[in-house]
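In the two assemblies presented below, chain A is common to both, partnered first by chain B and then by chain C.
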Partner chain A sequence: MSKQKANALREEILRISNVDPLKCMRCGKCSATCPAYDEMNYHPHEFVYMVERGAVEELLDDTSIYRCLSCFACIDRCPRQVEPAKLIEAVRNTCLRKQGANHFKADMLPGKLDPELPQQAVVSAFRKYAK
Partner chain B sequence: MHRIGVFVCHCGTNIASTVDVKAVAEAAAKEPGVVFSADYQYMCSEAGQNLIKDTIKEKNLTGVVVCSCSPRMHENTFRKAVSAAGLNPYLLEVANIREQCSWIHKDIKDGTEKAIVLTRAAIAKVVLNAPLVAGTSPVTKRALVIGGGIAGIQTALDIADAGFEVDIVEKRPTIGGKMAQLDKTFPTLDCAACILTPKMVEAAQHEKIRILSYSEVCGVKGFVGSFKVKIKRKARFVKEDVCTGCGLCTEKCPMKRVPNEFNLGMDERRAIYIPFAQAVPKVAVIDPDHCNMLKNGKCGVCAKVCSVGAIDYKAQDSFVEEDYGAIVVATGFEPINIDAYDEFAYSQSKDVVTSLEYERLMNAAGPTGGKLLRPSDGKHPHTIVFVQCVGSRESDGSPKCGKSYCSKICCMYTAKHAMLTREKYPDTEVYVFYIDVRTPGKGFDEFYRRAAEQYGVHYVKGMVGKVVPENGVLKVRAFDLIAGEQLQINADMVVLATAIEPDKTARPLATLLTASMDTNDFFTEAHPKLRPVESPTAGIFLSGACQGPKDIPETVAQAGAAAAKVVGLLAKDSIVCNPCVAHSDEKLCNGCSRCERVCPYGAITYVDKEFKMPDRSIKIRRVSQVNEAVCQGCGACTVVCPSGAMDLKGFSTEQLRAEVDAICK
Partner chain C sequence: MMTFSYYPGCTLKNKAKDLDEYARLSARALGVELEELNEWQCCGGVYPLSKDEIATKLSSVRALMKARDNSGTLVTLCSACHNVIKQVNRDMLTDDYIATRVNNYLGADGQYHGETKVIHFLEMLRDTVGFDEIKKRVVKPLNGKKIGAYYGCLLLRPAKTMQFDNAENPRIIEDLIEALGGEAVIYAERNECCGAYVTLEDKDFAAKRAVSIKNNAESMGAELIVTACPLCQYNLKVNAAGGVEVKYFTELLAEALGVKEGFDE
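The block that comes next holds the complex of A and B.
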């Protein structure tokens, strides 16, 4: 991915999530509190730091975005109100939008379905992208 | 005919980089009445001041306008210069073209235009300035210290040693404050009581110090040099001058189950009690919320056992009014309420404690007699997790009401706790979870490194995310940022380094004193660097953590500094008043009393006065009069006056209108 494209994606993720990674003071409380920690390759605090640095490609290609339970424990406990779960959701959305039509269609589901994929993620994808 | 001189300051590049100072001087020269106009690099320098003085004499000026920084900065400097040249100092106006102009504009065109407008307004005002002469008012040579913690005690001792009388007002039954609750003090590890109690006794025995414990300030009138303070002396139900502090009543009282606030509710006291062994004054006090005799008239044991007859169930709150020349605020701090942080299970498990509670658990006079025992089952803990920054360093508008500032003392006291725990109980594993370790201070970083290197305290960079009490164990889930892994620790105790905030009484007190506070309820200082122990309100001084989080060495230093400022004030016989005071035009006054009601200083009174009417009859009318020695020139009366009789000298309605007109021209 070109640097320019990565930057554009980074801006897109920040715009969708309304998260400011610069607010993070790197305490690690999000990853300390994450119940899906063991399932993820990249952890909540890494999402915040990697988006800040523009390393969005790795995040988009990784299954970690589907492992987030959207339990929002990280949002509740973050002392700086960075809201990492919103950022992860935005990366997930960006990935889904890459499908082209900007809609998530039911017939695309079987190919994507992973028994370990939290149902919440599927539901939230439909809620936001099915017209 | 007016002869005005205008002096435009460059302030180095502070003003000159965004304001074309030459253009301002040229524009000023065209204003009516201006006979001299010049710019200069630093008006406040000696050469700059000499320029003003020389020009006043040469050009025979009747008024001076200096376009420079805020009048808060250098108005006095220039007034002195003007005065030295023989002109009345109140014939000077300062146009603030730095803070209100050059510093906030980026574009030189905009900045210059605004600077010219501000200069024009100042010229329009100075034309209407009248010479004013400042009066003097006497200084009451006594000081009041509000708060009897280490800050208040030290300030009181220093003022008293300089020969002035001091009263300490303390809301609790004893002085000593938070320091009395501490076990050891960093970085030397000397016991807090050993170094504090001699000072408490010294204060009690000092002939110039009077301690009003169990008392609160409930009214403040007056101004610098002559405050009138109303103090509420809460009913103790024990005669302070009779009680010998023998403590027999506190042993015999049948009401045993009252949470002991000195040990933060971790053990119990009686309804009649002496807060702690070294309390000053060492006098018992009855807690009216728990005493059976006071609640329903059934008991009276303490009165029976008291051999000196000190118990007085009929005691009432009393009020005293005292005069003071200066007031020192030393109201200190409190740990915040951490109920909102349910991830740390503070309200679910007794074994999750705050650092101040841990302090009591380590202390020989604490609920466990100095043995480190878990509050839940009294067993010795083998794994302790310390969590830093609980409620500190949070973002503004934190939903849990956390504080945006660093509480400053937590890194050091946690290192102390960890070190003392490892020293006394080497079989206990101690983890400290930190975001940053902040140890600026003499010997502080060495102290922290000693905890990590010599005492084997496990310092882990990262935060604790969740504490789950399960079968008598605290399951701590945390993150190690350096190793990049989530940790699970089974702990016996968790200690939370709770953020500190100003005492709850600080906000209402600030209102009484008309002293300003910041958004966190810390008292603001007159200047953050150059006047750190004075409130912007004249005669009010700040000592200790009421001004910001502070450790003991800093508090004592500030307490001494506040005392020096108080002594500087009390050493004077009189102080020069501000001549910019309110003045009532009797012919316009309709006698409505609104100004009298709104005046915060009690400077306005009403008198009946005879007036000659146009038909030569005599009519008696009720009109307001301002006591110029008491008026502080706040201007509140001029705002409420419906008839326009009230006006402020130096800031008259006419002058302000002229300024507005000049701006809108």
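The block that comes next holds the complex of A and C.
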């Protein structure tokens, strides 16, 4: 990825997330409280400083963006109101909004259904993993 | 009898019919009628965090507008619906960027600026009926059964929007359990995530979360866990199979009020 393209993506991510990464004081509380920490290659605090320095390509290509649970723990527990989950969502949206980039597709669903699975799980997965 | 507008949501019409029915039966026994909104649409399950997500907020806004034009207060029950609708309501009240674009979409349907008050069924029990009053109406007390309340994330966070209870040390479900004659069990992971929709993406990961929560509740002595969310219930029951039973808090309420048999499965 060219430096110019990376910069444009960084601007896009900052715009749709409405996050100011410069407010971060790198305390790491967001990652410490994240229930998906062990499942991520890049953790919430890393999203903040990687977007800040324009290292977006690594984030876009990584499965970490599909591990966020939308539990709002990092949003509530951040002492500087950086709200890293918004940044993770913006990176994921930047990825999913490309044509044909849906991570979860309707034809994947039948194999995952079981008699007790609530509708809520399905609509939530489509909202988080597809456009 | 008091009447509130009520938004059940998609799961309460299908896999979680019991969560809904026990709530309606209990409410009626307590003098509250839940009047279901006409033609409500699915909330989408998760609040869209991106600033430029507008269309995904419209179903919530339509429900909020209908409630405004009815009683002015909207009661929700599913934790996910409550979270999405309450966060969208905050946006419509405080975020001009979002409110302007949503209202442009709505066009001839009217305008909305966050006028509706959104409360969860539990808040209705606490603030309108009152736990003391519920205590008086109990006909089949829970006889000191040790019960762990599982809040999960969506009722509590983000705390400054949800304004539900102390997000790190909530009491509302424990207070209800005690009003019904049970013994509330406090455990550390009652407000940590159950694994949510990740069960469709990575079932093992979701199961790790659910097992950890269930073990924590059991280790503190819980004989039963209660939830307000169909997906929490699923993760704790199916992804963390075995161990203590998991029920909706509304079932417990209906049981204690002696109206449980009114539910025709």
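By our rule, the second predicted complex is superposed on the first by the 99 of 131 C-alpha atoms of A that agree within 3 Å, B and C clash if a C-alpha of one lies under 4 Å from a C-alpha of the other, contacts with A are read in each partner's own complex, and residues count from 1 in each chain.
Assume a residue touches a chain if its C-beta (ideal position, glycine included) is under 8 Å from a C-beta of that chain, and two chains touch if they have at least 3 such contacts.
Everything quoted here is computed from the prediction, not taken from an experiment.
In the superposition on chain A, A:45 contacts chain B only, with no contact to chain C. By the touch criterion defined above, A:37 reaches chain B but does not reach chain C. Shared-chain residue A:11: touches no atom of chain B or chain C.
Of the two partner chains placed around the shared chain by superposition, chain B and chain C are both touched by A:73. Look at A:26: by the touch rule set out above, it reaches chain B but stays clear of chain C.
Set against each other, chain B and chain C differ in how many residues of chain A they touch, and the higher count belongs to C. Of the two partner chains placed by the overlay, neither chain B nor chain C lies in contact with A:58.
Residues 38, 73, 76 of chain A are contacted both by chain B in one complex and by chain C in the other. Chain contact summary for the complex, chain C toward chain A: residues 9-11, 14-16, 42, 44-53, 56, 78, 80, 153-154, 157-159, 167, 192-193, 195-202, 205, 208-209, 229-231, 233-234, 237-238.
Residues 343, 389, 393-395, 397-399, 402, 435, 461-466, 477-481, 486-487 of chain B are the ones touching chain A in the complex.
Residues 15-18, 35-36, 38-39, 66-67, 69-73, 75-76, 85-86, 89-90, 93, 104, 112, 114, 116-125, 127-129 of chain A touch chain C in their complex. Residue ranges on chain A touching chain B, taken from their complex, read 23, 25-34, 37-38, 43, 45, 73, 76-77, 79-81.
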